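One structure follows; several queries about it will come next.
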Amino acid sequence: MTLVNILNQNNLNRQQRESILGWALILPAAAIILSLILYPILYNIYLSFFDVNLEGGNTYIGLDNYNNVLFDPTFWNSVLTTVIYVFFTTIGTTVFGLIVALAMNKEFPFRWLVRSLVLLPYVAPVISVVFAWKFIFDPVNGIFMDIAYEKLGIFSERFNMIGTPEYAVWVAILFSIWKGFPFAYLMILSRLQAIDATLYEAAEIDGANRWAKFKAITFPEVYFVIGSIVLLRIIWNFNKFDEIYLLTKNVKVLAVYTYFKAFTGAMEMGQGSALALVQFLLLIGFILFYVKKVLKW
Amino acid sequence: MVKNNSFLNRAGFFLLIIIILLFSVFPFIQMLSTSLKYQWDWGNPSLIPTQINLEAYKELLNIGQLEKDLPESVQNLINETPNITKAQKKAIIAKFKDTSGVFPFFRYFRNSLLLATTAALLSVSIAIFGAYSLSRLQYKGRSTIQRGILFVYMFGGILILIPLYKMFVNMGFLSTKAGTFTSLLIIYLVQTLPVSLYMLGNFFRTISFSIEEAAMIEGAGRFETIWKIIVPLSMSAIVTVFVYSFMIAWNEYLYASVFLRGFEKLQTLPIGLQTLFVSKNAIWDRIMAASMMTAVPVILLFMSIQKNLAGGMSAGGVKE
Amino acid sequence: MKKAILIIMAALLILLPLSVFAGGEEEVQEAGPVSFDFWTTETQSDRMATIQVLIDTYTTLYPDVSINLVAVDENDLVTQVQTSSAAGTLPAMFEAPAETAVAFGVEGIVDITAATEIVKGIGKEKFYQGALNVLETSAKDGYYALPYHGWIQGIWYRADWFEEAGLKPPTTWEDTLKAAKYFYQPDKNQYGILVGTMDGEGYDEQCFTPIAMANNAALFDKDGKLVFNSPEMKEAVEYYAELAKYTPPGPQTWRARDYYLQGKLAMFYYSTYIMDDLALAEVAAGSLTSDNFESLKGTGFDPELVDKTRLAPIMTNKSSAGYGTVVALGLFTQDDSAKTAAAQNFVKYLYTQNAYITFLHMAPGGMNPMLKEISTNPRFQNDPKGIFKHYGAEKMGEIIQGLDSIETFSIVDGNRMEAASQITAQKIIPEMIYKITQEGMDVDKAMAEAESKMEKLVK
């Protein structure tokens, strides 16, 4: 406990002590993160200027990888897919998570059970649930088509919800909302439970209705949490790979596109690295926009 | 809170609960249904199996499995190999006939549980102090660190896999079981710490400083304040962060598949499920049964946490 | 109280990782002086057990060698090879489809000398020539890997449905299309044919190749010049797109063979591995008692499906063509020459009669020998699933003979076109098929796009 000894010495003023303590407390976390991630990132940037060969012997080709990537229309298509995916999944998980949190904050019979059951999508390994989703949306044998086409006649013919890209992106979005909403719900619920009940009682005395209470008390209290959830969700889903890839290979968001470039076919590691960097810059742009315009920080 | 509600309001509320519940568990119902169907029933879209089939569960749990037949070609091979003792023959045949290796569920489960629990505990412990530093203490370089961590986190990563793997191989970590386990643990820490720091930091900022100040005036040190005031007040957020970190390690497939390739005994549930998926041709009942078996213990685990969480929650005292 | 919790937590933290290693069931493996990894794409647990028997028997004979069998899913193989290659931990020995082995060879990570030595040791003339050609270097001075087993692909069809409808078996362009149209009844949830239409799936090209070759369309002429954009190829692409209208909805791949087993599909392209899969359906049927069949009406299940299924392996239009794939055993270049030598020895062992037959019997029908003398061996023909008995030794012989004249885009007049393997590896043809059939792209435009991608590779 030498740290405590140093801190207790009287010859340091409060500010200095706080500074040392601050660094000491953040150091383990910062050291682990930076030591392990900085090298791979730099290595990645380095590779993006090379034509990478498996047996070694990389050739420097300047900005060719970036040229190849940026002038490929498939790349811009996948940027568009990514933006659609991120936009709808972020809104979906957050709004649905908020609704569920508000509902679960009220008393009702078997609440403990329901609270646990809604966590199921979040806690089951992705790889185990994608199979069930594929079954549900299978065009020939799935229950979705059976109900929507055979029983209800909503569609005029059977079609492949999970295979055809124009529909599959929506299944991927729905899947992501399903998989991700419990996280938003947990975060919001933990904030809701910390709200002082007397605030509501006071508001009720003032004759506020439910909507007014939500607007005046609940929303300001959870605003900050929601802001964080949205920020995290944007970062996560912008880089999302496994969920989409395992569910349907036909939704080419940037991460999936990069994977196909780097690990399949011609194994263009150099182009893959360039893509990863471009993806990183796009995400930062996206985040800055969000922070400036939406959070108004 | 909910007073003077009309019947309609109440009914609407229950309808909402039912919709939420159905949306959450429907894919699991599909899973259960398929796990109980015979192969000839898979083409039937109904959720109710024509005839209940428990074979999948029996096979996975290794209940009542007949010994595998010894194909003639294997018999010929072993009998006609010269210079091989009887004991050696027996050992080879016994290993071949053993069916317990199809899906060693308990081993996968234990490995996943250990990896995820350790990663989550470490992540939460390190993050509590880090987040306290970032949210409560004033010092030079604080915002740089804070931004740097979030910045680095945004570098998405499947391509980081190759250099990371190379690093760990060069450091000699991957030649032993303990080293491999540690490498994965560190990787999961790296993946979860930025978010843990960020979320806890945000939560700590919402706790009024005046409570802490009062304690410090009474002579409590920083560590004591963190332990006695910050931690209890943020218990729900800490549990959430724990759950988050746990789930990252619990779900992770790509890194685990590359790092654990050579160590069959260390493999985790996601790898086990993938192995099972490619282990036979007609697999749907077994893969769905395995998925069910994976989900059930976790949900029991979370149910128990949930109850404790509700009991230990501190209601008042947290204000802006 | 809180302190107690703290102590327990700390103790847990320390003990948890330890308990993994102390958790018993630690196997004492006697590692011999030479130890190497063998990556196989045979991930099925039964097959792993059989390969393990071969390894165990071998290492009993040669106790100074130990072999670590690692199953790698075919789809993960390239990723795994890339990471290990970067880290210098490639296995000494692998089993992979021939085209993949050639792609590794072109990348320069395969030990060609070591593989060629084994081929020469066994005797070139003992192999089926067509299979060896697939793995020969373009300079014809060696082999990237050794052909070990192979499968044939064709259209499997419901002979009873065809008979009832008075249709001819799907052996020609015309008859196949006619039947596909006839059986395509989507309102009854019944479909005509399954051909691949998914982006990035090798299956598309496997279905497309015999159709194109039956029309004399090729990627390269014998001088290695790209001749993709020909009238013959265009006809083939248009024909394929027409066939694809009668598949189940959306992009499809081989997994849709389940629909056939459920009686919802009349024809599908598949390898001889289905003999194994269809046998499984038989096992499922065996578990039913007769009174269950009443309730089965409408589920489309047919206990006699196997007997009603026939194979049409050859497609005919302007000429005739079949399709098959060779699976190879190869050696990655190692720093330690002792590992290569040990792996070479084990490969040789796998070609000895008893070991070879044991391996092939893992999937009768799907795995066929590459050595001529094995295919006529009575022990080989007496397979555990009775497939030789069921289909007849003569018919099986025909199927295996097909491996001698294996035809793919990458072999023209016995010359290997490495660029063609790259075209296959880059999945250019599947992408083109996908764009035409799923995105409705014009055939000329899609072909021009594909051609420009191929030209880049040829340069």
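Each chain carries a letter (A, B and C) given by its place in the written order, and its residues are counted from 1.
We take it that a residue touches a chain if its C-beta (ideal position, glycine included) is under 8 Å from a C-beta of that chain, and two chains touch if they have at least 3 such contacts.
Note that the coordinates shown come from a computational prediction; the quantities given were computed from them, not determined experimentally.
Any chain touching chain A that also touches chain B appears here: C.
Looking at A-C alongside B-C, one finds more C-beta pairs in contact between the chains of B-C.
A centroid comparison over C-alpha atoms places C as the chain most distant from chain B.
Between the Cα centres of chain A and chain B there is a gap of 17 Å. Centres computed as Cα averages put chain A at a distance of 37 Å from chain C. Taking each chain's centre as the mean of its C-alpha atoms, chain B lies 34 Å from chain C.
Residue numbers of chain A whose C-beta contacts span two or more other chains: 140-141, 263, 269. Among the residues of chain B, those touching two or more other chains are numbered 42-44, 162, 274.
Shared interface positions of chain C, i.e. residues touching 2 or more other chains, are given as 79, 82, 86, 258-259, 262, 264. Those residues of chain C that touch chain B in the complex are listed here as 2, 9, 12-13, 16-17, 19-21, 23, 25-27, 37, 43-46, 49-50, 52-54, 56-57, 60-61, 68, 70-73, 76, 79-80, 82-83, 86-89, 258-259, 261-264, 276-277, 280-281, 284-285, 287-288, 292, 295-296, 299-301, 354-355, 357-358, 361, 379, 382, 384.
Contact residues on chain A toward chain B in their complex (touch as defined above): 4, 7, 15, 18-19, 21-26, 28-30, 32-34, 36-41, 43-44, 99-100, 103, 106-108, 112-129, 131-133, 135-136, 140-143, 145-146, 178, 182-183, 186-187, 189-191, 193-194, 196-198, 200, 204, 221, 224-225, 228, 232, 235, 238-239, 241-242, 255, 258-259, 262-263, 269, 272-273, 276, 279-280, 283-284, 287.
If you check the complex, the residues on chain B that touch chain A are 1-3, 13-14, 16-17, 20-21, 23-28, 30-31, 34, 42-47, 126-127, 129-130, 132-134, 137-142, 145, 148-149, 151-160, 162-164, 167, 186-187, 189-190, 193-195, 197-199, 202, 206, 221-223, 236-237, 239-240, 243-244, 247, 250-251, 253-254, 269-270, 273-274, 277, 284, 287-288, 290-291, 294-295, 298-299, 302-303, 306-307, 310, 313-316, 318-320. Residues 38-44, 50-51, 68-69, 71-74, 76-78, 80-81, 83-84, 88, 91-92, 95-96, 101-102, 107, 110-111, 114, 117-118, 121-122, 125, 161-162, 165-166, 169-170, 177-178, 181-182, 185, 227, 257-258, 261-262, 265-266, 274-275, 278-282 of chain B touch chain C in their complex.
Across the complex, chain C is touched by residues 53-55, 139-141, 157-165, 249-250, 260, 263-267, 269 of chain A.
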